[in-house]
Structure formats: structure tokens, C-alpha cells
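My questions all concern the structure below.
Chain lettering (A, B, C, D and E) follows the sequence in which the chains are written, and residue indices restart at 1 in each chain.
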Amino acid sequence: MTETTAPAISAGDGPLKMTTRNVDVFYGEKQAINGVSIDVTMDNVTAFIGPSGCGKSTFLRCLNRMNDTIPIAKVTGEITLEGEDIYAPKMDVVQLRARVGMVFQKPNPFPKSIYDNIAYGPRIHGLANSKDELDNIVETSLQRAGLWGEVQDRLQDSGTALSGGQQQRLCIARAIAVDPEVILMDEPCSALDPIATAKIEELIHELRGKYAIVIVTHNMQQAARVSQRTAFFHLGTLVEYGVTSDIFTNPTEEKTRDYITGRYG
Amino acid sequence: MTGSILFLLIIILGGISWFFGRVKARRFVTGSAARGAVHSLPNYHGWYVALWAVGPALLFLMIWNIASPALVTDAALASPAAEQLPQDPFARGSILAEARSIASDQQVKAFNPLSQTMVEPYKTAISYYQTLGAIAALLLVFAGGAYSWLRLKPELRARTKIERITMMALLLASLIATITTIGIFASLIFESARFFSMVSPIDFLFGTEWNPKAVAGPRGETGFGAIPLFWGTVFIGAIIAMIVAIPLGLMSAIYLTQYAPLNFRAWMKPILEVLAGVPTVVYGYFAALTVAPALRDFAVSIGISGASSESALAAGVVMGIMIIPFVSSMADDSIAAVPSAMRDGSLAMGATKSETIKKVLIPAALPGVVGGVLLAVSRAIGETMIVVMAAGLAANMTANPFSSVTTVTTQIVQLLTGDQEFDSPKTLAAFALGLVLFIVTLLLNLIALRVVKKYREAYE
Amino acid sequence: MNSAATFIDERNPTDWQSDQMQKRIRKRYAAERRFKALGLGAIILSASFLAFLLVVMVGNGLRGFTQTELPVAIDFPAMTGGASASQFEGTNAEANLRTLGVQDIVNTSIEIQYGELGGELFSAGGWQAVSAAILDNPDIIETETTLYLPVESEIDVAYKGSGSASAEQKITELKDQFSTGFNWNFLSNSDATDPMQVGIWGALKGSLITMFITLMIAFPIGVLSALYLEEYAPKNRFTDLIEVSINNLAAVPSIIFGLLGLAVFLNLFGLPRSAALVGGLTLALMTMPVIVISGRNAVKAVPPSIREAAFGIGASQMQVVFHHVLPLALPGILTGTIIGMARALGETAPLLMIGMRAFIATPPSGIVEPATVLPVQIFLWSDEVNRGFVEKTSAAIIVLLLFLLTMNALAIYLRNRFETRW
Amino acid sequence: SGGQGGTRSEVRIVGSSTVFPFAKAVAEQFSASGANTSPILESTGTGGGMKLFCAGVGANTPDIVNASRRMKGTEFEMCKENGVTDVVEIQVGIDGIAVAQANEGPAIKLTPTQIYEAIAERPFGKKNETKNWSDIDSSLPDIAISVYGPPSTSGTRDALTELIMEVGCKTDAATKALKETDEDEYDAICHDVRADGAYIDAGENDNLIVQKLKANPNSLGIFGYSFLEENTDSVRGVSVSDVQPEYDAIASGEYPGARPLYIYAKKQHVGVIPGLQEYLTEFVNAGGADGYLVKAGLIASPDDVRTQMTETVKNLPVLTGTELK
Amino acid sequence: MTETTAPAISAGDGPLKMTTRNVDVFYGEKQAINGVSIDVTMDNVTAFIGPSGCGKSTFLRCLNRMNDTIPIAKVTGEITLEGEDIYAPKMDVVQLRARVGMVFQKPNPFPKSIYDNIAYGPRIHGLANSKDELDNIVETSLQRAGLWGEVQDRLQDSGTALSGGQQQRLCIARAIAVDPEVILMDEPCSALDPIATAKIEELIHELRGKYAIVIVTHNMQQAARVSQRTAFFHLGTLVEYGVTSDIFTNPTEEKTRDYITGRYG
């Protein structure tokens, strides 16, 4: 866990939000992540790319300790949020997950009304003191996620009745509603059609700067479009991490080049 | 030649014809050159011939076996020895049967001396008809075998034919279930119809007094009011048993699926399943011998008077225990069927596990759980032995769990094995009760399955 | 964190460290712990019911495997007038024994040793143990031998636990002479009036024969139907009908199958009452849907990729089914079959309706012979007036449970072993 | 076996659960020597047994039916219709309906009329309002009426209504007269048992009944005499009309609740089914005062009846139907 | 079914093996393939590309009537193999599938020994008259699939015990063993790692010319590497079909271009 493994973050990247140092993840005997160190900053969208099974999702889920839900998963190394070690015993997972929100590959709205979907987080965390306040949170979250216009008249409809793209935006709104600092997205567009994908990408652009955003994608073009920093994973190791445009035009590693030019994956 | 030797012979001949069919088919072109020219493998040609050889012969033997005993008896009766036989049909039949079994070496000593005289005629007749049958069967084997063997040619779609026969066999097997269902319905409906011709269905279904009498009372009351039985059934099976089974089953399922370490789950799940594997007669004995007295003592000690040792509570509680694994496995399935994305979604919002379970998983799994509970209820109200042994016979309409009530199944057993007059509406009432039970459990199941299915589809 | 300022200004930042928030979180965690404890409690409660049941049954039942005995000295040479051991060897042994009049010999010996009332001390069928002893070792017939014979049921009960006053008194009188032996009769005899002489062999044999018939009918029909429904059946009304009837059959209360057996097998087909054949048929109809349903699940669990692979190289439907699907689904089908058979083995209610609730003192020797089965035997014994039957009932339950637990364990083993094949 | 033409090597018996234990003992003794095949004995209840018995002649119908009451005329008719024309009736012994209470219970003596008034639905035609025994007769203790008795499906219940309730009911002249004018009403008044909880249906032969009585010393139980005898260390008999339910009193007919037990055999099966007649003989022999059935709780029939029965199993006279009502 | 819908096959493409004319496929009500006409030739490897769900697999499965196994699937139009209509009533599906072999996306060896995996096809079709002949077929098939060297010592081991890439080659060997004329491959490499992928691609090169080969792939680089003809599908229609190098460097259709440059999919 020496600083030497820390990736270089160039000036102008904005304040550091999360850091990871020498993170290893094991599923039982099997090592899925091997000594990964990455910094997540406030102003940039960070993209994780790499072939299937290389550990992108695994690593992403370390950042809000969602891996805790897999009994055989074991995480070592240091991960901090605003300097606090999130794997420290005194860290409260419930709070952590409220601060580091997550959006999943397949839209997963709860089978409740749109309103209740958004209100779920604020309610369990007690973020609203009154009905009005709650209404307010729901409205602003939906607005941020660019969904308000489409659903304001049918807040009581089931969240599952929306189209795929709308559902995914609902999930983003739901994550926003608990006022997180970081938003993690695991292939948020892979289940969506091109038009819905474009909407989400636009949304990411808008959210950038307000939240630290990390996105996993298997679509390199998407990474190039939405992110400013890209990390390329291969077989559980971080092969290359840097400014997105550099990675795509001038990768330093042979493997990265092979991947980007489609020699495998 | 006895039946089994003949059967064996036919099977062997079948094997031989299989072989010949194969040999002939092998002489068609084989190997990769055969492709396109020969439709089926030699094996299938073999089977084709074998089926032709064996099938008709066995069918004939089956019919012959049903028909020939009568022929044999006729022949035996034609003999002079038959003249001394008694006229009483039963005694006569019995002597003949005895003679027959001696003649066919199934019995050594005759109980009735007359039988001995009939043995010889029987022996003659039996061997005559057996030989006749055997010759006919063997002829059929050869005819079938030869016919099909001659038909073998490269283009013959032997495989397709064999496949069609196989499929018919499969279809027939699955028809048995339908036939059984029809059988159940028919056997219940006929007797019930007779019952309802004596007792009005209205009185039966809505009467509140169960006190079956052979003769109708002065005001035409028959005592066949089944409401107390329905109430007892519902009270024990759907209320008390479920009060025990639902919380325990549901919470067990939740703990096992959501909290338990893998090891614990691996051990505990089968242990819980054993609860469902214990025979109901054991539960009944346990309820009657251990639980019921304990509950009654308890009731007395807290000052409930009139507590019966054959209490609804004892039967209900034990039944509930029996149903626990049923509820828990249904709940387990339903919770597992909720996509894990749902759970992850909630956890990722910072919800605790119990919040996730209570606010997301259970509501999402609710239709499945409800379906499961309905199935469990239908199982509980159809349960017999526990209530027969522990619930008592008093047709009370009471909500006091410490008193004795009776159920539909208990009464069916009582009515069919009690000391009542035969052919009275009392016997028939058992079938009417069975019909009601059948219909109710059927409806419950249909509803439950529909609910569960609909809900599964919602996630697929 | 300045960069986030614009956003934070828009909304009240959540102060996670505030007292109010911390208190709320503590409360949520407490609720979490309570909920978890509730779940654990539910499981422990359920499991302890099972443990309690087993402990009670074993506690009551183990005594049923032993019997209390008293010694009886029998002076064979004097009483038989000098029978020789050779008479009781070989083929004529049983016939010779019958003419010997063992029962009288034993009764006289008892009277000599224990006086007039001695007869009331011993189980009436105790002399059969002497017969068995002679057959076992014919040499004793030429000597004076002391044999231990089972005592009368009431005394047996009293000696093992608490009995009636009169029995207790006899026990204090003869205190030192009692001994306890393993009750072999219980494993080899059939039903009887005297609890000291009852055994489960007849019922067990009846159960085995019945199960055999059930298996022979339900298994092939169940497997073939499962294959038809999963692999062949077209989607149409007719298939729906078959499916609906199978699902319904699986849920029909077992006693209804008894009514069916009564109406169809006995009354319509005229098959013999109380026969294992009818019991087996009735239980087969009950077990078949269980096998079909589990069979279908097992067949469904065979990955489609295997079917595609086989189809892809030109296997026909039948070849796919019998070469690939069936072998792979077999462990699952077997698991379901064992569970179905275990259920049938423990079933009582339908058999009461078709006359298997009978007193049958000889084990059945064929499928149309009158027979009873273990659970029905348990039910019959549980209804006995004589108190000696309590422990016998529990002992029979132990035997039944042993069978069932073994079957269940086998099913679980099979399931675990073949669960993750693909 | 099976079918009209079949045969069978063992005797088949069905019928009453009251006679069942005795029949069992006889069956066991009958086959103990190894000379006879053990009979198959099924407890189907008297009515169920009659139905099977009267279904016809042949190997697939039983040879004997045990009955805790006499065969009814209708049953005999049914038998005849199905070809069972030659039925032999044998009285094998007597069973007593015993009224009992826990040893700890307050001493109580009853008459059939008092019992009738306590458990009938409409004693003498009026709704039963009694709560305590003292409501019936001030000499009786002031405790709640609570009687555990046989359920309506059982033969013991028939005996209870005929032997005790009807006797009590007939003591009222007006009610007795009703028998001629309105027999249905008479039956209802005399036979119907109250259903308001004072009378509690309980299984026969049930060990639990003893526990119930022990736990509720104020309750009474009504069951077969053999059951009382088996449990003398916890329950004792209640005297009816000053007669204790004891062996001699029941045997002599002095005790009101005594009923004969019968078995019916098909004469047509004798000589065809091996061992049938021997079994009947064994049963009659075993029912003597010193026979093993008495040990098992049966009460031997009076001597004249026994002599007659010994004759019966020899000659096998058949019923004509006129002796049955 | 006029000839006008037939795609142009330039001279030098080698003999025609299969032709399809105006093929429509319906799943119940839903149309999955809409009027597709393609020719498959002996000497070229034909690749099908297109976004997920566009019907590539569906169309491929029409070529050996594997769609028959899906009850709701209905195929219309004309498909011929060597001039015979394969949907004609007299066509025996079993024989057809032996002539048109198939390799699936996920390697699916039977849970039997390696030997039995290969021998299964020859056995059910009665291609070998003796044990020796069968041994011979097994060996040559494994050799063709480039697997012989790796498994010759353990032919009795279970086929499922091999690595993913080996399994896939086993499946190819199994298909070859019944001596097919056409081999259809549905994304044969998508479950494999780069090295295994490379091996399969090499194998395809070697098999080319001996068998007519059709391959579905979602990896455009792979299509470019292994095929000589490429068909681009979109929403069930055939957008473009032609020489691979043309399609990738100079597509005539706007949609093809968009797809190839990664604007969606």
C-alpha cells in the first residue's frame, strides 16, 4: 500500500473523491482483482473498460461495498471515500451506500409506484420531515434525471410499466434522491436501445461535476463519448489508466491497443 | 406349456426376429455410403420386425387369457365327473376353482374331496386350450415377423415408425392422470347424487347441526348439516395451523435465504424438510399422546374450564408444524424468484437487510407467498390422520381452541368405518363430504397455481 | 469539495453525523438485529419441534424393543417322556414339535415353579419362544433347561415404568429374578392381541410389497408422462387438460384416493379387499403425479444446449430424449421418486378405506394376500386399550421413521450430488 | 381368489369394532396350533360389515360379520336379495355400557331416567335446560353435567340410546304413548342427544377418555365394560338403578346397560371355506365363563344361551328373518 | 420468390451450396426475419453481423431447420441445399442436420467421454461398420479440429472437463465427425478468451474450402478476419451483403456504416 502504486492524477482533475490502493478481491479461492489502485475525482467521469470477466463489475462493487452481499467475496487493500477508509470496522455500510449510489446494468425499479421508487431512499434514511419535503425530493430527483416531464402526470403508475430507458433513468433518479456524493454505473446502457442510450449519455454529461461518476461499459465508443478518464482492466489487473483521449488514440500498453482495435473481447 | 414359458418363448422369438431384421437391413448399403440411400439404421429395422412379431402375439395372449378360463370350465363341466357337483353356485364355483388350482399345480391338497374328481377333466381341458393358445400365438409371431421382414427395404422409414410407437406409449402414460381425475370425480359424484336424493343439498351445505340420524326427525331435520364440519376444518386447517405455519415457515425461509451462513443453510434446510416427511399417523399419535394432554393441562392451569384433551388446538398446532416446510419452501421459491437486482437495488440505496426484505422482497414475492399459503391450506384441510387421532368427533361450532371440533376428513373416516347401518345416508354422506373436499381443494389449488404462475410471468 | 458547492447549495446536505441521524441509524440497526433474531428463532423453534418429536418417540419406543423376562426351568426329559433331539432336526421338525404340545409343557413348568397364579405372570404366547429355542438347538430337549420367557404385558409395563398396583406388587415380590432381553419377536412377528407377542414383520412386509407395486406402476408411468409433457406435448387444449389433471392430482387429499380405490378397484373391478395389490394401486395413483412433477422439473433442468447439440448432429427426437435427456434427468427423477415413495410409505388414510385396517396375524406372501402396512399398524395399535401397546406403537414408529429418514437422506444426497452438473 | 368361482384358504371376518378385540383373540388362538390359517379380521363397524357381508356369496365376500347389535330386518332383506339366504346367528357374549367416573370424583348414583334427562336433547319433549345434576334431582350433587360418550356413528351409541335412554324415556307415560301415535317424534325425543356441550362425543376404546375423566373428576364417561375393567386403577363404575357395572350384574342382566354381541356367518360358505365352522366353534367355546375371552373383557352369555349356541355351531340353523325386527 | 431478390454472387465465388430466397421467420405473431435472400458458397466463409436481437441466430437456425425445435417458430420462403428444398415435406430433418452441422455459442459437449462425444454422431447415423472405422473417424475429426494432440491420451475423460476453447473445438470436431457439407457457427468464440478465439479462427481458416462455413459474430474485427462474405442484419432484414472487405471499408448503406463505426449496438 505504498504511494508508488498510486496512479498519476494530473493537475486540473478536480478534488479527489475516492481513492483505492492495492485492492485485491477474491471469490473464495479465486482472485478476481489483483492490486488495483485508482483515484476517482469529482469533476471527471471515470470509465472502466475491458473484456468480459476482467473484473470491472467486481471492482466497481467494492466502491460501495456491494460485494459484502456475496458471502464468498473478500476484499483487501485500502479504499477511501473523502479520506475515510470505507472498509474500516467503524464505517457504517448503510451510510456508505447512501453516499455512494449505484445504477445497475439492467434497470431494476422496485415493483412500486414511480413516486415510491424515488421516495424509498429518503424514507428509509429519514431525509424528509414532511410530505411536502418528500414530494420536493421526488420532483427534483426526477428533474435531474430528465424524467420529470415524462412522468409527472403518472407518479402513481408502477415503475415497471415504464420503457427500458425510462426505467434506467428512474433508477438514476432513485440513486440521486438520497443525495449521494458518488454514482457508480455498471453498464447502464447495455440493455437499452440506441435512443435510450443516447439519453442516458446526455444525462451523464449533465450530472458530471455535481457527482463523482464512475461508469463501466463494454462499448468502447461509449467510454470515449462520456468519460474523461478511462481505466482498462484485463484479467483482474489494471493495465492502463489515464485520460480517455490518450487511451483511445495512443495507448501505452500493447494489450490496450489490441483490445481497442478489436483483436479480442 | 405354461403361460410364463410361452411368454418367454415369444420374447425370445422377438429377439430372434430383431436379429433377422437387422441382418437383412445390414445387407443394404451401410457406412457413409448409406446416407440418403437407406433411411434407418439396421437396429431400427430389427425393432420394427421384433415389434411386429411380438406385439400382435402378446395382444392375442392377453385376450386369450381372459377368454380361455370360461372355455376351460365349459370343457371340464362337460365331463362325466361334473355330474356329482352341488348345484349351489358358490360351492360349485369354489370346487371348480380348487380343482383348477390343483390341476395347474398351484395347490396340493384339496379341502373339498369333490375337487379331486374334477382335477383330471381340468387337466385335460387346460392342456388342450393352452396348446391351442400357444399354437395360435406362435403362428402370430411367425406371421407378424415374416410379414414385416418381407417389407424391409432401404427406403422403409423404420425409425420413424418406431418413434411414432414410442410417442404413443408416452402419450398413453400421461393419459393415466386424466383418467384418474375422471375416476375420482365419477366415483364421488355417483354416490353423492344418491345422497343428495335423500338429503337436500341445501340442508347439507348450510345446515348447522351435524348429528346424523338414520331417520329424519319430526321437523324433517336429518342432522346432516355440514357447517360445523366445515367450520372445524377451517378452524383447524386454515386458522390454527396457519397461525403456526405462516410465521414460522416464512421467517425460516427468510432467515435461511437471506441471513444464514451457507453451512447452516445446507444443514437446516433438509432438517426442516424432514418435518414434511414424517408420516401423518406419527404426527397424529404425537398430537394425541403428547401435545393434546400438555395443552389441556396448560389450559386447565390457566383456568380455562371445559378444556378438552382432544382439542382443535392440539390438532391444529401439530398440523401447522407439519406444514412449516411446505410454507417455507414455497416462500423460499418465491423470494428466490424475486430478481436479485431488486435486492441489490435496495441494498445499494443504503437500506438494511431487514428493510430490504420487508419493503422490497416480501411485497414483490407476496403473490407467490400467498399462492404457497393457499396450497398449504388446501393440504391442511385435506389432512386426515392428525385430525382423526387428535381432533375428536364433537361437531361443535366454537371458536374456543381448547374445545373439541371435528373435520370433514375425520367424519369421512368415521362414517365409513363406524357401526352405522349400511346404505343409509350416513355412508353416502362420506362421499358427499369427499366431493365437497375435492372441489374445495381443487379450487384452492387452481387459484393458487394461477396466482403463482401469473406472478412468475411478471418477472420473466 | 468546492466543485460540488453549486449542487450542495441547492439542497440541504445530509448531515450523516448529526445526533438525530445517528440515533435513527442505531434504531434501524436494532430493528435489523431483532428481525434476524426472529428468523433464527423461527428456525430453531421448528427444528426443536422435530427434535422433541423424535426424542418423545425414541424415549417411548426404545422400551418396545426390549422385554422383561422371568426364568422358567423346564425338565424336558421328564415332561416329554424322553423325546430325542434328532426328532427336531430336518424336515419333520415342525410337525413333531406340534405334536409335542410345547404349550402344555411350558404351562406346567410355570405352575411348578411359580404356583397356581404363575400363569398370570407370563405372556400367553411365551411358549412360542420355547418352540423356537428347541428348533434352534434341539439338544436342549434331552436336558433340564432354564429358559427366560417374556412376562405378562402388565408386569412388563410396570417393570419398565409405572404400572398398576397389583403389577407393582408382583414386581417387588420377584424383584431379583427379572431380566431384560431384546425382543426379537418384535422384529419377526406379526400383529397379535398380546402386546408381548406383537411384531412388525407382517406390516413391514406388507409395506414392502405395497411399495413394490406402487413403484412398478408409478415410476414408469410417471417418467413416461414427464417425458411426454416436457419433450413431446404440443401446446394445445388437450395437453393443458393432461397438465391440469396432473397438477390437481398432486393436490387431491389422500383420503379421496381411498374413496377412489374403494369405488373403482374394490367395487368396480372386484379386486380383493385388504390386498397389497389394491393398496399399491391406490398409492401409485397418488404417487404418480409427484413423480411426474419432479420428473418434469428434472427434465426441464437438462440444459437446452445438450438437446441442441444432439439435434445439431442429426439425432431424432427419440434419440435426444432417450440418449441424452433421460440419463441426465435420471438423478432428479429418482430424487422425486424417492420423495414420492417416502410419502406413500407413510400414508395411512386412503388405506383405511380399502380394508387394510385389518387384523392380520400372518405376513402376506403375495400381492393379492391380505396385508396391512406399517402406518396402518401404528394407527391400529394406537387405538388399543391395552397399555402395553403404547411402547410398541412408538417402537413401530421408530422403525417407520428409520425407513423414511433413510429415504429422505438418500434423496437429499442424490440431489446434492447431482445438483451442479452443468 | 376373487370372483364367484374363486376360493380362498382363510376365513374373512368384518364388522363391529366392539367385537373386534374378542374376534382377534379367537383368531389368534384358532391359528396358534398351526393347524388353521389365520383368519383375516377387519374392523369396519357393524353397518359397514353388514354391507360387505350381505353383498353376496363368494370368495370375495366375508364369511362372518361381527355385530355389536342384532342384524336389522332391512339388512337381512338386503342379504337375501343378494343371494345370502342362509345366515347363522350366534350370540357370543354380552357387553355392558358402563357409566364411569374418575376415582377421585364425587360419589354419584343414577337412574336411566336421570341419565336420559341429563343427556337428551328434548327430554320428554321439552328443550333440555338442565345445567347441573342437581337441576334434575336435588339429591344429586350440584356439579355441571359433563358426559363423555360415544359419537353418533358408533354402535355403543346405539346401545346407549336403546338400553339406557329409551328406558328412561319410557318412564313417562305420555312419551311412551307417543310411540303408537307419532313414532318419529317418539324416536326423536327418546334418542336425540343434546348438542350444547354437556354431552361430548368421544372415541370408543380411547385411552384418552381415562385421562379426561381423571382431569375432570366431575365428568362422567360412557363406554364399554371391557374398557372400564381395563382401567380400574383410575376410574370406577357409577351404579345405575343401584346396580354397579360389574361382571356378574351385567351377565345376569341385572345391570340395565347390557347388550348381547353377535356374529353372523354364511352357511353357504361352510364346507367351502376351510376352517369356517371350526372358527365358529372356537368362538363359542372361548366365550365361556372360564374362556380366555372373559379375561379379555367379554361377559359370558347366560348358560342357557351358551348351550343353545353350542348347538347352533353344530347344526347351523339359519335365520328366517321373522326373529329380527 | 423472384430471382430479383437474389443477391449478386460474383464470379469466382465457387459452387453454390445453399440458397435462401425471401425467407420470413415468425415467432408466434412476431416477425423476426423479413424476406432475407442469401447464397452460401463452398469456398467462402460467410459472416453474419448485426446488433443484438437482429435475427442472426434465427436465420442461421433456419439453415438446418433447428428452428423446428421451437414450437412457435414458423419459417416461410425457400431454402435449398444443393438445389433440394430443405423445407419440403419429404426432406428428412435428421439427415439434413447431419449434412448441415452446427456449432453453438456456448460450447456444449455432452457429459460423456471425449471419444463418445465424437462417436455419437457416426453411431446414430451408422457411419462406421466396425470399431476400427469408428476409431478412425474420431481421430480424423479431432485432428481436423486441431484437438488431437491435446486429447489423444485422454479420450476417455469427460468432454466437460476440457477448457472452454478445447470444448468448442471438441464441438467442431463432433460436427465434422458426421461428415457434413455445411458448418454453421453461432458466435462460436463469444464465450472464449483471446487465445482460444485465435485458435478457433485459425481452425476456420483451415476448414475453409472443405466445408461451406457460415459464422455469426458480434465482433466485427472477427468477421473481418475470418470471412470473405459478410451479411449485415438489422431488425430482421438483410441490410447489406457482399464481399467482406467492401462492407468494412466501403459500406453502401448508412446503417451499416453507423454500426461498423460503433454508433450503436
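The criterion applied here is as follows: contacts are C-beta pairs under 8 Å (C-beta built on N, C-alpha and C of every residue); 3 or more make two chains touch, one makes a residue touch a chain.
Being a predicted model, the structure only gives us computed values, none of them experimental.
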Chains contacting each of subunit C and subunit D, listed by label: B
More contacts between chains, B-C or B-D: B-C
Copy-to-copy rotation for subunit A and subunit E - C-alpha atoms, rounded to a multiple of 5°: 175
Chain separated most widely from subunit A, comparing mean CA positions: D
Chain occupying the most central position, where position means C-alpha average: B
Centre-to-centre distance between subunit C and subunit B (centres being mean Cα positions), rounded to whole Å: 18
Separation of subunit B from subunit E, taking each centre as the mean of its C-alpha atoms, in whole Å: 48
Rounded Å distance, subunit A centre to subunit C centre (Cα mean): 57
Subunit A-subunit D separation of Cα centroids, rounded to whole Å: 83
Shared interface positions of subunit C, touching two or more other chains: 28-29, 316, 357, 390
Interface hub residues of subunit B, defined as touching at least two other chains: 159, 288, 352, 355, 416-417
Contacts with 2+ other chains: residues of subunit E: 94-95, 98, 124-125
Subunit E-touching residues of subunit C, taken from the complex the two chains share: 234-235, 303, 305-316, 319, 323-324, 328, 421-422
Subunit A-touching residues of subunit B, taken from the complex the two chains share: 261-262, 339, 341-352, 355, 359-360, 363-364, 458
Interfacial residue positions of subunit E with respect to subunit B in the complex: 92, 94-95, 98, 124-129, 133, 179
Complex interface listing, subunit B residues touching subunit E: 30-32, 34-36, 38-39, 41-42, 159
Residue ranges of subunit A touching subunit B (in the complex, touch as defined): 64, 66, 69, 71, 93-99, 101-102, 104, 106, 108-112, 120-121, 124-125, 171, 174-175, 178
